[in-house]
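Here's a structure for you.
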Amino acid sequence: MAMNSAQIAQPSLSVQIASLNLKNPIITASGTFGYGEEYSGFIDIERLGAIVVKGLSITPKKGNPPPRIIETPAGMLNAIGLQNIGIAVFINDKLPFLRQFKTPVIANFFGDTVDEYIRAAEALSNANGVHALEMNVSCPNKEASWCVFGTNPETLSHVVSMVRKVTRLPLIVKLSPNVTDIGLMARVAEDSGADAISLVNTLTAMCVDINRRKPILANITGGLSGPAIRPVAVRMVWEACKAVKIPVIGMGGIMNFKDAIEFLIVGAKAIAVGTANFVNPLATIDIIEGIEKYMIEEGFTDINQLIGSLKI
Amino acid sequence: MAMNSAQIAQPSLSVQIASLNLKNPIITASGTFGYGEEYSGFIDIERLGAIVVKGLSITPKKGNPPPRIIETPAGMLNAIGLQNIGIAVFINDKLPFLRQFKTPVIANFFGDTVDEYIRAAEALSNANGVHALEMNVSCPNKEASWCVFGTNPETLSHVVSMVRKVTRLPLIVKLSPNVTDIGLMARVAEDSGADAISLVNTLTAMCVDINRRKPILANITGGLSGPAIRPVAVRMVWEACKAVKIPVIGMGGIMNFKDAIEFLIVGAKAIAVGTANFVNPLATIDIIEGIEKYMIEEGFTDINQLIGSLKI
Amino acid sequence: MSKHFPVEIISNSSINQQFHLLAVRPLSEIIPPEPGQFYMLQAGDNYDPLIKRPLSIFNYYEMRLEFLFRTRGRGTSYLSRTRTGETIHLIGPLGNGYSPPNGDFIVIAGGIGIASLMPLLRQFNKKAVLFYGARNSNELLMLDTACELARKSFISTDDGSKGQKGLITGLFVDFIESNPECKLLPVYCCGSLPMLKTLSLIIESHNMICYASVEEYMACGVGACLGCVVKIKNDEENGFSYKTVCKDGPVFELKDLIWQ
Amino acid sequence: MSKHFPVEIISNSSINQQFHLLAVRPLSEIIPPEPGQFYMLQAGDNYDPLIKRPLSIFNYYEMRLEFLFRTRGRGTSYLSRTRTGETIHLIGPLGNGYSPPNGDFIVIAGGIGIASLMPLLRQFNKKAVLFYGARNSNELLMLDTACELARKSFISTDDGSKGQKGLITGLFVDFIESNPECKLLPVYCCGSLPMLKTLSLIIESHNMICYASVEEYMACGVGACLGCVVKIKNDEENGFSYKTVCKDGPVFELKDLIWQ
């Protein structure tokens, strides 16, 4: 008996995203895990494949006035307005905490202009303890014209190539789902020098207060996340995986290990957990353990056997 | 007291969609109400603003193999594959039943080619008892190349103008939500001769069976509908209403009168009830009564005061 | 004709960990169900689960409907937690039930499939030869009641924990081989897909008539969404057309079913 | 420090149609809450409602947490229907509670706001002058307990169904005008937005110190999503910054709050 259980080797969960080696494919989604500290009392950060921090910009942002969030059927809408402490404060005040852990830190960033993107990427690339960059070109809740970066092939190509020039860190481009052809956008990111892509960001959406006859969010529209969007996200991740050769990080509505496995099966090399953290701060750990158990039951020894195993 | 209640006049719910006068803005969404018969035992068809029938084509369609549907968080995915009896059988077997009612009948139709669209529109325009046409250019669950009709401005413009030439009935173009810029698609439809537009059709999506590692639907992808998509639908209807002058029919996840009112406030002239019929066959009637009550409470005498009343 | 109506939960008892018997009282006038018909039952308080769940009518008296069900997922788990006095909504009765037998008949039930067949046994008391099989004795539900309503009963379980060890289709074959006159009796069956498939070979080789109740995912239950189709043999193009389980079924002639 | 932990429902009693008292037993070790802190409570069995709901700690003994709440929407309605023996999940204790008073103090509670202030009254027995107002006597919750814990109590209702007819802020103004020495006492308050706004004018004009517990929509409860912000005066650009109610609050100095 003891022999028998010893024979069931722990399956290997490690995956490679560009030069980044993750001990497992579970990462946190930007904006849903703060700067790591907020959840460090709940889970052991060391167990995560990687940690993605809240979106950063070269100058701090106050963000949108409240209300910033509203629950929707099986989801939520947010228009935080990219409130953040700015890259300098992040490096000084937050990175030292994150450097304690062996878990790679992926810095999510954005800019209002191409120049701001470049400056943000430069500043983060020089920071000790940032292991990769995730470029948010898809935030749907800002009105500024840069919003088109993520939904227009030309502007996307331009901003990604410019950022590519200034960083040697693995560059992940985070795509917007609010497009006609996600495969095209994925290819554009790949061709412009991205080392990986991640998707989906939130779906642009809106709720109305029927008594005041005003939008519920101060920002009018917001981004929809949570289980409601999962089937759309799975479809888009599948299309992106078919379109590019670089690794794809899948996310959107992942609440448990079963959801995560759907993304892995359609081809995602890693998955990110967002809104689920709010509902269950232990979601990431539960997912890691659930995948491990599933792999043992289904006879997988290496997670790469599972990734992309969809039979059509 | 009797005086008092007599003074509260019934508010007017009637709206105009092109030359079509609807006694109220509640219509049924194509594919969710069969050919009317299926629900005629549950509700009084006469009370509806209009009835939209299951999508029709010039030749009958067998549809996709099962599984065709799967529930998702606060929604459902379908890939029926446009199964229908064909326009000839519809006219012979189903229209006589619908002609009994004073409720206008809107025939939803589609084609695999521009020619099939034209022939379908012609055949339906000559049928006694069809009051308007709704053109489905957005069905996401067919793989054929015509799928791009609804997501590409050029092909959309072409097929709508061709159909416009062969019908004098009010022509409603039903848009796909799977596009980057819904306002643009709405304008293209308007410029090509549409009398009204309706949206949203379903969001292309996918679920995976993690034990068989196969898509759950035989068709691989399907269309997401139900409350999960409502916030996305409201946003798109709002954008469409800002983009065009022709009437917009809003739908997507409407379950109750409150949801319906959100669409009216952002500018929809009428709303369609889809998936909700499955959950509650009386949903349309409950919504009509709920809107009436809301109008009385909020002091609206005419629904046109409510339509587009969003304060930004 | 069917309705959408509220019911009050009268009682909700677990038969064992997996199986529940739910009794409800309609709060408005209903249409009496026929054996083999089903209802769509509210499966949640909000929008997740969204879609109602189909359950066969298990028993019906005036102002009382009973359902016998297995707790499988979130919808049936919700139903198993409803409490006496609470109100839920139902749609029904739905579908085409079993065409009534004209004299003696054979019933073949697999596990929870008995739920759909019990009204037939009740309506035609002591007319049926019952074959009732399940994985184990826990899944032989309402066994005593069923046997009492039958003229004769054959019982089996996969693990031998009750009745013969083995498949119920085995007992059925033995029976018709030793009672060839029974090949003229109509067969009514409801059970798992493997059972139906095996049965269809037996039925075909003995040239019998068999009415089978089948299952598919459903959304509307009334024939509107076309979501619940199965392939049925006919003279159309490719030799089949898709028929809805909810409206054309759930009972079909077994020989007409084309398995995926 | 806070945790995500399962609790068993010990009891769930309705105080009247709208208000419930929920007592739960933690099934794993917890961190003791401070007065003014809150928990995020599971609000459904599936994904609708999705987000946990914030409720103040109303009472705490070893291995027992109590919440007093009003049934408003789907989340609180779910909580009101949980049954003894069932398990739900909580996150907490969360937020910065009331800075403990150093001697006597004043408490101003509006309706269900008493839930948040009760632990303060309990911890500092007979130290508080209590002002407790509500729309009507039904919304004056746990009135006797509260008054017993206070040194002195003033009660009002909008409709006069209990205590003085009128707003509780009126009684408070009368009190400090006739007891000017009390202006040195710290004020702790929790109540509706109109109450807080009126109070902020009174507090400012009398130059008092007031700690107010405020509400905002929440998602994470731990400062991660930045969804629950309020405007707080400071020296930054434009004279304010957004602070999270869940982590920086829910208790803020009243004078620092900028109303929308």
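Some notes on this structure:
Read from first to last, the chains carry the letters A, B, C and D; within each, the first residue is number 1.
The rule is simple: contacts are C-beta pairs under 8 Å (C-beta built on N, C-alpha and C of every residue); 3 or more make two chains touch, one makes a residue touch a chain.
Because the structure is a prediction, the values reported are computed rather than measured.
When the partners of chain B are compared with those of chain C, the chains appearing in both lists are A, D. Counting steps between touching chains, the shortest path from chain C to chain D takes 1. For the pairs A-D and B-D, the larger set of C-beta contacts lies at A-D. For the pair chain A and chain D, the distance between mean C-alpha positions equals 36 Å. With centres defined as mean CA coordinates, chain C is found 46 Å away from chain A.
Each of residues 46-49 in chain D touches at least two other chains. Across the assembly, chain A contributes residues 73-75, 226-228 that each touch 2 or more other chains.
If you sketch which chains touch which, every chain touches every other chain without exception. If you check the complex, the residues on chain A that touch chain D are 31-34, 38-39, 41-42, 54, 62-63, 65-71, 73-76, 78, 80, 83, 226-228, 255, 275, 277-282. Of all the residues in chain C, the ones that touch chain D in their complex are 44-49, 74, 78. Contacts from chain D toward chain B in the complex involve residues 46-48.
Residues of chain D touching chain A in their complex: 1-4, 47-52, 89, 91, 216-231, 237-238, 241-242, 247, 260. Considering their complex, residues 72-75, 77, 151-152, 178-181, 203-208, 210-215, 220-221, 224, 226-232, 234-235, 238, 253, 258, 261-262, 265-266, 294, 298, 309-312 of chain B touch chain A.
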